[in-house]
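Listed after this line are the structures, all set down as structure tokens.
Heads up, the next two complexes both have subunit A, just with different partners, subunit B and then subunit C.
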Partner chain A sequence: MQIRFLNRIKENSLFVICVSVFYLVELTYILTLLYYFGYTSLILSTILYFTLFYFGFLYLAFNFTILWAAIKRNFKLIPSAIRRLMAWLGTFKGGLTLFCMLIIAIIPLLTQNAYYLGSMFIVAMIYTIYAASWDFLAGYTGQVSFGQAAFFGFAGYVTADRILIQNWPWLPSLFFGALIAVLISLIIGIPTLRLKGPYLALGTLSFASILYLLFAMPTILYGSTGLFGVPRLSENVIIEYYIVFIFVIISLTIMKAIGNSKLGTVFKSIRDDETGAEASGIHTTRYKILAFVISAFFAGIAGGFFTMRNTAVSAQIFGTTYSFYPLVMVAIGGIATISGAGVGAFFFIFLIEILRGVADFQWLPAGAADFLDDALIFSVLLILVIRFAGAGVLKSAIERLKNLWDILLGR
Partner chain B sequence: MGVILEVKNLTKKFGGLTAVNDFSFEIERGEFIGLIGPNGAGKTTIFNLLTGFEKPNAGSIRFDGINITGMSPYKIVNLGIARTFQLVRSFKFLTILDNVSVSCLSPRGKKVSKDIGTEEYASSILTAVGLVDKARIPPIVLPHGDLRKLQIGKAVGTNPQLLLLDEPFSGLSHEEQLGITDLINKLHDDGVTIFMTGHVLRELMTLVPRVLAMHQGKLIADGPPREVAGHKIVLEAYLGRGEGFA
Partner chain C sequence: MLTDIMQVLVLGSVEGAVYMLIAVGYSLVYGTGGIMNLAHGAFYLIAGYMLYWYLGTLGLFTSVVLALIIVTLIGGISYLALIKPLEKKSQLSVVMVTFAIAFFIEQIVKLGCSILGFEKESTLPNLIEIKGTVSFELFGTIIPYDYVFILIISFLIVSLITLFISKSKLGTSIRAISQDREAATLMGINADRVLMFTVMISAFLAGVAAVIYVPSYPIAPWQGWVILTNSFAVVILGGMGSLPGSVLGAFILSYASHFTRVFIDPAISTLVPMFVIVVMLALRPQGILGKKEID
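Let's turn to the complex of A and B:
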């Protein structure tokens, strides 16, 4: 069996090499065109692609089909992790995820506008990690944090401090910030997570408020102005975009993988029935603290990126607004999904942008326009989501899309 | 054989109410023993005390030679006492298999499951309790009888030496009761010590060779079911006479 498979691979290896080289050349060619001539050339290059390589393409596609058939026939020989990944990509959810990832991956090819890329996409991606960190804790373990900004903000400060004052490179600064967030989470988590009930929510909320007051003080820590002049990840917004993108994928994959692992099963058992989990011999406090620590770590990563994106950080970051952002985003995208955090974050950012564009608030009395900012939008959103879509706004839409998909495939 | 559980002068008060009053008894390893008493007698409270979900006001509990009085529930489970609850409870968004897997992932469950694999261990338990064909569905769609089986499966996953079953028959049809009876007998044959409650004596009568009867927190009789059933105080307790209330 094994040998037959290898033979098949050998038979087909020439094709694979041909195809790979072919596609690489093609891709470089298209990217170069895009880079120099922008969006319009996408159409041009597509036309060229099909006219010049049409027959070659057909030929290679034919061989690819043979290779694919060979792989499929020997499906059992592929390592199980890859097999599961392939099977998952074949499902609707996997395909949709892959599709969304591809879209986000090619955005910088379509627009190089620093505002769109930086202030919208990168910020939305940072919020994705942040909201996912909250979802990890609340969705999997059932522990609600009302002060997630404590980790987000503290890590933001620490990262800025390392980069600006200690002259560290950004990567170690980022991880150092996240580790400090983990330490803080232990300080809050160990006393509050021993108890059942809303103590974690209260503990985190008050801790974030204390941090707000501390960091807003004029003389101690960094003073009321905070830290500014933090360098961005890169001068080039596209490079910054891809660094954050990679971190989003890694962070979400880790959180999702934990959720699907045995550890995740234990977390979810605490969410569903804490007393029952104890009766099953689970040291619930320890697991709750572990989940809290992981959540704080990713909130810290997000906070570090956020500071670098804004090139500054001030006490505002500990405000309740930042603590409630992840709640709204997760409410929109659906709880206990992790990837829903991304849906919520993008939805939120784009909605704010659209509303800002549509209404210029000129007709409002002076000062009222400031009030009509993110805070109001997010409160209204939260109310609407809670009222109309407990499982997240887009869940029903996605389900409908999936039904359509099933019909198209004749299932 | 030897004593597996030794309870001395156990007392638990809820405000002015003494739910368990100076209660002492012993259980031998491998025994199969029942605990009866009318509603509100304090049976569930005794189980809560034995498993650490309530802390006693006085008295001591020794399990397998270790003083477990006031220990936290998960520690007691990992020493080898598992329990089921009178009102069924489950992890409602996990599959039936994962419901059992959680117990298999406890430190004590892991000792067994790490050699054969968590999933395999959990499946073998589901086979034993008769739920293996429902492994992949969530418990919300299970009928009550299956939920009772799941309770036992979850407890068995921690690999207990002593299994406390709180009203395992309540709300079940006669056929379902027979199924559970078989299951409990099988567990007992495998060497698990079993201690179960019931408030109707008849259910337990045929099953256990020894029964404790309690009333208003106090132990009133201890012996073979036939003897206990004939006991004057037990009759009074069940019929509600004796103390002057109708």
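Let's turn to the complex of A and C:
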């Protein structure tokens, strides 16, 4: 058993990351159970302590062995990885990424305005994870989901439920919400992804609109008003900002790493030629479901954060608007570039702010403010981008900038 | 008990007839050009709102005709301007652009309501009035004359469309393209033109469905997505691209959803289309009457 694991580790250093993430999730889960059952029932909690600790310790010990072996195996890879990272930061793309990350990191030092930080930048970062999750699925595997809001919203509801009603701390609630989103994605993914063609688009779209109807019903599922009064990550908006920032970096890195790994190559082969991929021995259904599940997981994370940011969640979250947003952001930023989702999300938020500002002007003719509705403008924008610039607006702009950069450096 | 059964029968037949119109159009476009048109629900939506906006000022006949003409034109324009150029590029961008069109039309409807000063969600008065009453009674169930009208019109239109496809020259071209597009092009059929007419016919059918159904059902901007979801369920149940399948699927689905609504629970009734989609795709992806091989 262990030898087989070690061979896999040798092949794939990504496995180390997965095991460590899994271990972290497990630890938080156990801590949560302790915390939660510590208050309610003494007997139940005692039984749970024993079973959990007994099996948990065995399990953790096993995990530790594997983890330690993996770290030891991959230890000699670290210097070369650092070297590669430094070299990447020296290139145009790496430098640009670092620059953007630094800018976002120092924004709280420049402004402490709760509106700018909270309602614009934090929301933009949450949308970044959300749009990247859509981009991961559509860009790498070529499967489109028009109901990403189903995972976004469902995870939001579950997170709110855990925090408000079950009194869980936010971190396990967040992961629990994402886990439920993953389970739901399996229900839609397994029947629709077995088939070629845009059946996933159809299944997800239907699922989201049915969830909208279900959650809007007054008597079941928290009623039509939804859940409200969810506490934020922190009272201090700056701490909240940095927590979300760290999650954005981790999520985008994981998605980008998967995209660049062997697994990502398999995904891209499915996108480019599904029959060809099948012919070369790839179990396409399994990989499509895997990509869909990863996408749903990150959409769930984003949904949890979004609910905590808004302090409330209602059936509106399942509306087509929220399924539509990631499409616009990715269309602006460029498809199959996880980082483009971030650029698109920030551009999107700024454009909404600008539209809102313009609509407030006094000299506008009466009724003109109606035309400045953001959803209207974004749908026109999306149609134009798909029609005339399939690769996305910013991708080509960045290519131009890169050419300019090369000319300036005399290359 | 009898009233319950009557309710299921009456409402199920009416809704089934409406979904038959919508799904036949949807299925026609998919079967002919392989276009997954996500804007189909939006065609329904815009026609319904046209009727709603014009009814007060232009009178019944003019507003119905105007709504149908406009929705047919929208179908033709969206095919020519957006779907046709993208069709050569990739299937994915066609699906995305029809989604964007649907979203755009939803926003247009909201914008129209706020500019023209209408409520966004509303109900319309009954269309048919005989001897001063709008409904009659049958086995203790009140049935508006509109329902009878819906049944007659939808069966009439579907029969006409079927006749048109089997007899006319354009209909023959549509069938030829659905069998083999390249061979049909080689025989001198202009595939783009025929597909444009197919999309226009499907938009017209959605428009007819809206015009006859909107007076007996409240309209709201999000309704387009519900219509779209239900027509997915219908065509998957009946078979993608099969017109008899769509007719059968429409009635099965609407009886099933009304049966669950009356006898079990409204919440479960909402889940029926999703259940149908998931189960049918898992067990029989080609649908009940679909012959086309789906791999």
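Assume the second predicted complex is superposed on the first by the 319 of 411 C-alpha atoms of A that agree within 3 Å, B and C clash if a C-alpha of one lies under 4 Å from a C-alpha of the other, contacts with A are read in each partner's own complex, and residues count from 1 in each chain.
As a convention for this text, a contact is a pair of C-beta atoms (placed from the backbone, for glycine too) under 8 Å apart; a residue touches a chain by one contact, two chains touch by 3 or more.
Computed from a predicted structure; not experimentally measured.
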| item | value |
| --- | --- |
| Of subunit B and subunit C, the chain that contacts the larger number of subunit A residues | C |
| First, second, both or neither for A:Lys93, with subunit B first and subunit C second | neither |
| Touched partner set for A:Asp272, first subunit B, second subunit C, both or neither | first |
| Contacts of A:Arg84 with subunit B and subunit C, given as first, second, both or neither | neither |
| Partner chain(s) touched by A:Lys196 [first = subunit B, second = subunit C, both, neither] | second |
| Subunit B versus subunit C as contact partner of A:Lys262, first or second or both or neither | first |
| Doubly contacted subunit A residues - partners subunit C and subunit B | none |
| Subunit B-facing residues of subunit A, complex | 262, 265-266, 268-269, 271-273, 275-284, 336 |
| Interfacial residue positions of subunit C with respect to subunit A in the complex | 36, 38, 81-82, 85-86, 89, 91-93, 95-97, 99-101, 103-104, 106-108, 110-111, 114-115, 222, 225-226, 228-229, 232-233, 236, 266-267, 270-271, 273-274, 277-279, 281-282, 285, 294-295 |
| Residue ranges of subunit A in contact with subunit C within the complex | 138, 142, 144, 146, 187-188, 190-192, 194-199, 201-203, 205-207, 209-210, 212-214, 217, 220, 319-320, 324, 327, 367, 370-371, 373, 375-376, 379-380, 382-383, 386-387, 390 |
| Residues on subunit B engaged by subunit A in the complex (per definition of touch) | 51, 53, 72-74, 77-78, 82-83, 85, 89-94, 98-99, 101-103, 105-109, 118, 154-155, 157-158 |
